[in-house]
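Here is the structure we will look at, set down as structure tokens.
All chains are identified by letter, namely A, B, C, D and E, in their written order; residue positions are counted from 1 within each chain.
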């Protein structure tokens, strides 16, 4: 189980996170919700090593781990889809998908194997991209989003973090992603989903964690909580 | 009334649009829906002068107009929120909001008036940004989205185009944006809304136009169409 | 054409009243560049050694302008700031330093023009070789070599001049033309940016291509570095024996080439005499004396008291009596490796 | 909602904690470069007693004006994320044009200068059009300029080479004119008053518009700081020959261009194009015009810088605008904090950067060392000065 | 879904319409530069009958190897969106180191070369560490390098100045060795076979993996094209002295580095860091290591280029690595199509770019014109060659 404890992070004058804690047990989908600027993406970034937290600890199976950079996080099996996507626009879809975990033998790239795997993966996610050898710069918003999601499934992660994965997706693709999330859970992975779409959240998550102004502001078992209770926690109306 | 007729656009091997037509009468909210890569953003870009169409015509009150670049579009009163936002990350919120239509006298910027107007506008949209003088680069995803939406309201547009405006927004902010769209319609403006969220689409639009693989694939009066019919048009299941 | 024509008139007074340094004047030496060997390897150490010998307590402020007139201006200003009592100035741009000299004059600091004649203003002394004369000697030497081989009228020569942005290069060019024009056919003529040997090599290659290998009878190169480049080009093109080629500076590598017959001549400026003469003069002027000069040179504005030294053309048979005799290089330095045999032939040991 | 929004937007009053905050997050502005300058002053000052003498500082000021002006022009282009390699050649060429008109054809000096600067602007226009219309990379356009304008310079100079400017003529006098003391002091006082006044006025207007303001004493500190700097500079320079006109010209250019960049729509659009040209285009900004203007400004400033250099030297020659002027001008901009990637930088970068570079050069010239050693030490000091800046920012990153 | 996806992914077979398509969308690769080269060849060829002679083309090949190698190194750094201004100085310094070891200390030439290249790599390491650890802008780091290593070069050369390399020694022979005809032809045939073989093998493997492939005749066209180019080059060069070893060395570097960039993880990561360093970092790539390696490669290649230059001249001197070598090396990379903003470019850029530049220089030297005119014409031709490229791309933009 991966656990973030008392994470704080300050950006200049803005206290983005203040003592936030989060549990991510295997085989569970945790939804992280909150208003714009609540600190959700920042929390994700501290867990995946993109920004170092000012304070707090991340433990894995109760042993503290050091996540100093994204490489550490990946080595621990944490795979992330960022809200701002973070794709290399000059590279093609295949290259982006396998970036950092290229199929290779003696450092020589296995172009054909990667291309084949890309096609299979995209087909599986129901993503339609006419030519997967064109630079990502020429893809539509939803196509990029799909590529970013597919990225997170390369390798063998134990925690998959998805920051607003369905924001730009069409109806079908959204359904596929939600389905994918369920399948990941069934394979025993931990999944952290950030979304503003409460319908989606309620459809797939087991637990909902609410952030408000950089602090924990409530936690619900999805099955038991009403939409109103969650919204109240998000907006602070409950307080 | 602004009308796009028989617009075609090809990107290299990809025919992004093929003879697409669209009517945008004043006082009406038109929703443009379609799968990822259907050509929605491309259509928007041709109307707002970002990319020149290969073929087709845009008319305003039945007179053909030339929209060769975004400046032309703005001069005609077309104001656009792009899916990829298009903000200058090195500039602060105020500067981004007023970019290209700065308050100025003899070319000297009216800093204070702009800052004041920004604060009022953001407050009105219920956007919380702690310091509006920081570069946009340090804002959260939803905050950027809000800034981009606010941009479209500066000046005095007659057509407002919103490409996935609520994708990254929280519950409250989404509600505010939908409300704003209604108010724009009530002021007699034409609004073109692109969204994958059919609930939102049904909530505010008067008419739904469906694109599929770069062609017109159906048009519905929102009040009369069922969700199933729209989804069928999007996925092509109807055919 | 500058003004400042009144400069000459008060030269004598400034000269006499300079030397506030009394018995141990501070002497500022300004050299123009560091990319060719001579200035840092010879002028500076020889000058400093001579000053030390004449006046142990004297201080020498040394400056090198890296071929940048603006930098030299800064250097002069810096030296005046530091209280220099005499300026010994080898100008990067001999026509453009008049304002600097003027500044020094206003502070009653005497100026000795070193190596290059400063124009547009009067000042105290001039010690030099004649740049145009250098070009003339190069041209003459080449002409002599061609006449000796009897090829003077039978082909064309290639002229490789120095940098088009270096004013002194124009003087060498002028001198060479004075001698050669009308006597030989000039096939190709290049100005070489930055005096770059690489570029000289490429220029020579292109000249060979353009004129044809057998149509060329001699090469005039303005200095030894470029001569090295041209020689490399000739060797690669298969010339054997190599064409007569001139040079200047008496670089060690060039002297060796002359002995082995690859280069025909170089101009040996007896830098030792020049540096030592200047050092003597600077110390004397710094102490308030006013030595008499053997001659005067008119720089267009005033007659400058001058000590003029002759450049020496060095061919293989003259190495022994000039460069070696003067101790410019030690025989042991020259006669390394392959050059040893040639040394023996030339009687150098 | 405004009840919750407003307090968040008000910066907290100044406090030591906040200062530490600012340092931690790397919001240091120009301070690290200033620290580097102080370090340079201490090192050279202790190695040579003349370095900090009024006479030498006056020389330093004179030495930096020309290259500093060229550097200002370079900043205009760097702000767009482009480069101008032709600035050096253009400066030399225009200086030659000015000199030929003035000396050979006997034109009025002011007219010659105006024509030469206009010629520079025309050259910039050519660069700008090649860049925007033909869409050649600015690197190549200005590289061709670097070579070609140098050729034209040589062609114009012809056989003669050097042309002297009469050193009591108008042009040469530009760099040998000194403000009378009363005027220098009046100027300093007026500038301080103007600055304080504008700060207070801005504060009043913000209060009137119900916008957050900084506490009054910070305004006082800033105006006081300027007063101290100006008074110090005038006092030091008066101890030698006085405040040089050249400094006033250069400083005016820096300040005016800074005001233009920060307070006009044109300036705002420069930053926008540099930050994200596509976003600027979509905002309806005429990106082509901005780009062309930047190249025109760059070349015109280069031309003017070249004229100042000619004035200093009272001559032009084949190497005018050559040597390392170009590199130093670009380096000054970068050292002062201008990004090579566009969208970030202020004109004060030219001032600070050229001060760093010229201090090093000036200091090295005062010490009496071999030129090979001089090169190495210059490199080391340059690297150190910038390392201070970089380390300070780094300690605070993220 | 795969039923709908697969046909979309298959490129349509080659057709004139598709060719026009490609031209329209600007997917022209290196063709415009090649067109520029042909234009240059026609112009100079008609102005001087010697320009296209085997002798001159052989000279051209020899003239471009050294700067081309330095340019290759520059490309490594440009791919990351950084710059290496020290390449020229480093090339000169390492050539001097090599010469001193070989000539003065009598070391084995191969060992001297290895040590000198290693010294270059060490210098690159220093640059890379200053850039990544202290986070100084690469412009400043390498600017300091440009000055400092030049100082060290002067220091090492000391009093003597020029040092000659023995004309028939190993190092000098590097640039005066010619492949025997049988070997040159065998090499050309072997390369063509290898290329065709790899194309066919790739095609087979793609078919096996059920991936779309290009039609067989296109493979034939490409292999045939290579065969024609190689045969032409060998035939022309044989008409003079033969195929120079220098060309083989340079071409090998270009090809091997291209393979490394396109077919290894390291190369892929270079492009990724150049395209979006933050995305690369988030993908778990050690961005620091890639950056340091790029600087090491750049400096090592510069060192090797310097050694080739020394070999050509059979000497080193104070101006080794100086003059405009640096600018020409960068220009070659940019003209060949490498972006200054990172993430775009191939090693062939060095080959094509240096060909353009050296053709111009070479041609201008054949014509007998004044140096001022030479400068201007060089600039014009340079601008024209790149304008062809830019206009072709522009006509097709969006």
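One rule holds in what follows: a residue touches a chain if its C-beta (ideal position, glycine included) is under 8 Å from a C-beta of that chain, and two chains touch if they have at least 3 such contacts.
In UniProt terms, the chains line up like this: A, B = Sugar ABC transporter ATP-binding protein; D, E = Xylose transport system permease protein XylH.
All values reported here derive from a predicted model rather than from experimental measurement.
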Chain pair bearing the highest count of C-beta contacts: D-E
From chain D, the most remote chain by mean C-alpha position: A
Cα-centroid distance, chain D relative to chain E, in whole angstrom: 36
Where chain B and chain E are represented by their mean Cα positions, the distance between them in whole Å: 46
Distance between chain centroids, defined by C-alpha means - chain B, chain C (Å): 74
Chain A, residues touching no fewer than two other chains: 11-13, 128, 130-131
Multi-partner residues of chain E (at least 2 other chains): 11, 154, 371-372
Contacts with two or more other chains, residues of chain C listed in rising order: 34, 40, 164
Interface residues, chain A side, partner chain E - complex: 48, 50, 69-71, 73-75, 80, 82, 86-91, 95, 99-102, 104, 107-109, 111-113, 115-116, 119, 122-123, 126, 128, 130-132, 151
Parts of chain C lying in touch with chain D, wherever the complex brings them together: 1-4, 34, 40, 60-64, 66-71, 73-75, 77-78, 81-82, 92-96, 98-99, 102, 120, 164-167, 170
In the complex with chain E, residue positions of chain C that touch it: 34-37, 40-41, 164, 188-191, 193-199, 201-203, 205-207, 209-210, 224-225, 228-229, 232, 235-236, 251-254, 256-257, 337-338
In the complex, chain B residues that touch chain A: 11-14, 34-38, 41, 83-84, 127-131, 134, 138-143, 145-146, 164, 167-174, 196-199, 231, 234-235
Complex contacts: residues of chain D adjacent to chain B: 1-2, 4-6, 8-9, 11, 202, 205-206, 209-211, 263-266, 268-269, 271-272, 274-276, 278-286, 343-344
